[in-house]
Amino acid sequence: MKEVRIGQLGLGRIGRLHATNLCQSIPGAKLVAVADPYLNDDGIAFLKSLGVERWGKDEEEIFAAKDIDAVLICSPTGTHPDFIRRAAAAGKHIFCEKPVGLDIPDIESALDAVKKAGVKLQLGFVRRFDHNHKKVRDVVASGRLGAPHVVKVCSRDPEQPPEAYVAVSGGIFVDMMIHDFDMARYLSGSEVTEVVAYGTNKIDPFFAKYDDVDTAIVMLKFENGAIGVIDNSRAARYGYDQRVEVHCDKGCVQDGNDLIDMSMISTADGVVCEKPTWFFLERYNNAFIAEVKDFINAVANDAPVPVDGHDGLMAVKIAIAAKESLKENRPVKVV
Amino acid sequence: MKEVRIGQLGLGRIGRLHATNLCQSIPGAKLVAVADPYLNDDGIAFLKSLGVERWGKDEEEIFAAKDIDAVLICSPTGTHPDFIRRAAAAGKHIFCEKPVGLDIPDIESALDAVKKAGVKLQLGFVRRFDHNHKKVRDVVASGRLGAPHVVKVCSRDPEQPPEAYVAVSGGIFVDMMIHDFDMARYLSGSEVTEVVAYGTNKIDPFFAKYDDVDTAIVMLKFENGAIGVIDNSRAARYGYDQRVEVHCDKGCVQDGNDLIDMSMISTADGVVCEKPTWFFLERYNNAFIAEVKDFINAVANDAPVPVDGHDGLMAVKIAIAAKESLKENRPVKVV
Amino acid sequence: MKEVRIGQLGLGRIGRLHATNLCQSIPGAKLVAVADPYLNDDGIAFLKSLGVERWGKDEEEIFAAKDIDAVLICSPTGTHPDFIRRAAAAGKHIFCEKPVGLDIPDIESALDAVKKAGVKLQLGFVRRFDHNHKKVRDVVASGRLGAPHVVKVCSRDPEQPPEAYVAVSGGIFVDMMIHDFDMARYLSGSEVTEVVAYGTNKIDPFFAKYDDVDTAIVMLKFENGAIGVIDNSRAARYGYDQRVEVHCDKGCVQDGNDLIDMSMISTADGVVCEKPTWFFLERYNNAFIAEVKDFINAVANDAPVPVDGHDGLMAVKIAIAAKESLKENRPVKVV
Amino acid sequence: MKEVRIGQLGLGRIGRLHATNLCQSIPGAKLVAVADPYLNDDGIAFLKSLGVERWGKDEEEIFAAKDIDAVLICSPTGTHPDFIRRAAAAGKHIFCEKPVGLDIPDIESALDAVKKAGVKLQLGFVRRFDHNHKKVRDVVASGRLGAPHVVKVCSRDPEQPPEAYVAVSGGIFVDMMIHDFDMARYLSGSEVTEVVAYGTNKIDPFFAKYDDVDTAIVMLKFENGAIGVIDNSRAARYGYDQRVEVHCDKGCVQDGNDLIDMSMISTADGVVCEKPTWFFLERYNNAFIAEVKDFINAVANDAPVPVDGHDGLMAVKIAIAAKESLKENRPVKVV
């Protein structure tokens, strides 16, 4: 198998995660160069420690490089559609972090560019690669439980993000629940046609300043007649709570959280087990590796990508509908 | 403690359950007489086997009896408000099965009669007496987890009722989810102010004939700012699935199902545990006894009843709002 | 089905339990008379409250009564063989609490008397009627997992008994582990041929005064080639811990404890579940009813008893061998 | 921190595992050279793929190399004591796979050599580094549950090894249960003073040919008055079953298996969860990395090793005593 040569855009938290995985855990991939307009000495030292040999502040060097087969887009959301268009124009395959964008026409234009260029585009919906959620989806997709009736996703972060983050996050639906919208499509195997959202501000008063909520529930209708519900909280003090459930004709399949360990301590005060693993780096660590392995395989062997541009687009559409629903207190179609 | 002498109205399935419990499991109560317009030889034999000595077809004999302190109303829902008014007029304390009625003004008039007569009225929301749900509520009510943010109730019957039942049931919200509406109020310690309902028909086509659904999800807003969600299914082939969860400031409390047994069989095919207990008679058996014990205690010792007429009224109001929400596909206030 | 008329010998803790069950939970049985040499006003009031009409201090009245079909022996262990012989001589069927006796020839003579009289004798190994243990045994007995290799029983009381009790209990093997020896035979479907015991005194120093231990482990060899192990503790501060496990050709079947409730509380401090139910009255409540129902059925319908005199004898033989093993620190054959 | 330069002896299954970890997952270590008398083209290709630059068939090149700080001994057990002596003589620190040897005087002479040379020796009891077992031990060691009373270890392989392996393995106690003997010492924090063993041949007849058993239970006495039990099976068809439990003054701490995933599928046939992870590579993967990280740290920072030569010696002594106990059917002191 030919080595896939990667250029990466962005070296923030998620960028460092992908860079580390590319260099240490993903055979067949080589991280050739990294561009980030905010690259500093610390970032350079980090890249050197990984053995990466080229870096800079200008993304154009990545798009222009003849020896780069594919790009990983880990830059801020606002840049995604533009970077996708430029990468496609340069004939490079693309792995792009979620969300694919914030504006539907902008996203659609980027997807058009990908289509015309004939390059591959994979979206970073990492949870599809989690062993637990994937098992639930595989059971549903196998048909052994019959048709899905109800899809449930519970997703809670262990602690609220800083106020500065919330100020620019785009709100809980676009920033956080977007993963769960994708999960709902993934589990049900069907498109979402309508949503209705309830939200409340219980965790930190600053959410209200940005017209945002910290706690939300969204109901969904699916094309196949199933219905669903997602609940999100910005703060579960016991850790990252990530559970899904699909109730079907013949039964129900659900998952639980990975735990810190499988211990059980029994005393007069009760029986104490461990908490879920702390946050996404702990819970989805292997999934981050698996999604990029799949991307590398798709590029190297001209195989289909497991999560594509349409998946990216639909999740954003649902998020925008949910936001509108919460604002107007009415069900909103996903069109 | 003075013995509480009971007259019972209705000897259907739930009536027989209460009669049996009164005679075998509830010290301090005596089932003196039973009236049911459809009473037949089989019913009489059943009562004899319990040692009950008086029976008949005319409820008036119960209301008129001087030696009866309290009535148990186990007759069809349509009769509840009228029987409550007549029992109150006769000065008898009242235990009434859910729902308290189907028409709000009718219910309100019955509650007025109770108030004027100064008798006690307890509603049969049996799930409040289940050891699992009660524990969840007690943890929330203790305040140790802080304020509730999200209240979740999952309630699935093991198999759909017969078509004839569905034809007259009043629909999933009034007949089935009414228990969960009460549970939501019980767990949150707050009134429901608005609901929005999604429903679908996935289990049996006949539900559609009666303008009913067999699968439903309802979101709720509470007065205290919490939000909630209930999901119902008429058929979970693995048994009666009854789970609740309350996510709060400092953590989450939830319960699981009682299981048929605690066995675990590990083979190459997987690890198999037992299913939930089959249906409400199995799961809520002890709760049916506990609720009537509490009623008997309230009567004998002039203590407050644990579930009152207001609880009965509010659950019906929420159910009616949910029905309207499903029909009109919009959030509906509970007023 | 003809009513089975019962005379009961002994009205201590276990005697009251059986009397209550006979009067309230076991159709087809009638508790006609009770004899206990220590019967006092409190005991008489208790019997009156159950509706029992005959009582006295002399067991001979029970044996002599023409209207009594069967006896329940709930008196101290020392009396068991004699009472069995006398009941058999009177042609009465016998339910006898464990252990059947303490002296092998004495037990054998009692069993001979039963055989000659052609009456039924059932031993009170109540744990065989527990839903969890029974399920494990049924899976093993079905043969679906192949031959058993290893049988494990863990049995811990929630707190040590009073010193006065230990002084006369006969020691941990005869008093406590005897249940587990029976369980080992029940689960394996095979006779125990040899045991070796380790014990230690960790809970309360007074055990040593009576040449007893409070913590013990015993390994067992079975006729069918399986091996096993039982561990006992007189004090598990988290409740009555009762777990069994059988590892077989094709897999393993085990059980867990019934819990006080199925709640789960997740906070920053961990995830807390409930403890096992407190002690044998809570855990084996239904099993106590089931075993006597089976006895009543065996008498009424001339069916075999589910636990017989041989079972009673073998458990005592194993216990005596374990005691000798601990004393002499060597494996001891069960003969 | 100075880089620790490693020479490795042996490139079999466990050797390749350690080589991979050294090159990919253990910062601060560099695998400089590998020696294995059976090294072939495949092994060389493997080393090249890891970036290892020196290899050969003669271990003496490792001992003689001036640029090597420490050795990893992954060669057959029979070579361990000799290699330890030679490494110590060369002033190199030593990580040695279990068991440290098979003959007590030979082991003792090797430990003497280590002591005289003043080098570090760490034994490969990898299970001490498993997150689950470590948590159990940490709870016991913290003293929060009071003194340990009973230590239980259940350890079952998913399938029996090939006959050729059993022929030279040294038997179940030295080859397999040695891990559990170390675990018993680790959990209890106390020395084992006596053991008694039962064994049986239920899985494959060939074990008997080599005077071996495939199923064994061993009871243990500890210096601190606790008692314990280990059960081993060579074949659990549901996967690698690794559970430990310590019952103490104030309660019990135990662990469960890591599972393949946390899914739960509920149907009319039961509730199916996943099996334990398949075997030691899956279960103890992170533990293999953690133990060598600790060794590297001990060497680089002159810190104590977490598992030392005494631990290696004691586990072998217990295993030899267990073997003798099984043969002679009597308890055997560990001296």
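A few notes on this one:
By letter and in written order, the chains are A, B, C and D; residue numbering begins at 1 in each of them.
We take it that a contact is a pair of C-beta atoms (placed from the backbone, for glycine too) under 8 Å apart; a residue touches a chain by one contact, two chains touch by 3 or more.
Values in this document were obtained by computation on a predicted structure and should not be read as measured data.
Annotation: A-B is the more contact-rich of the chain pairs A-D and A-B, by number of C-beta pairs in contact.
Per-chain CA centroids place subunit B at a distance of 58 Å from subunit D. Chain geometry summary: the mean Cα position of subunit A and that of subunit D are 40 Å apart. Each chain gets a centre from the mean of its Cα atoms; for subunit A and subunit B, those two points are 42 Å apart.
Subunit D has residues 236-238, 241, 250-252, 266-268, 274 in contact with two or more other chains.
If each chain is drawn as a node and touching chains are joined, the picture has every node linked to every other.
For subunit D in complex with subunit A, the residues that touch the partner chain are 24, 131-132, 135-136, 139, 145, 250-258, 260-268, 274. Residue ranges of subunit C in contact with subunit D, taken from their complex: 147, 149-150, 152, 154, 156, 196, 198-203, 215-217, 219-221, 225-229, 231, 233, 236-238, 241, 247, 249-252, 329-331. Per the touch definition, subunit A reaches subunit C in the complex via residues 236-239, 241, 266-275.
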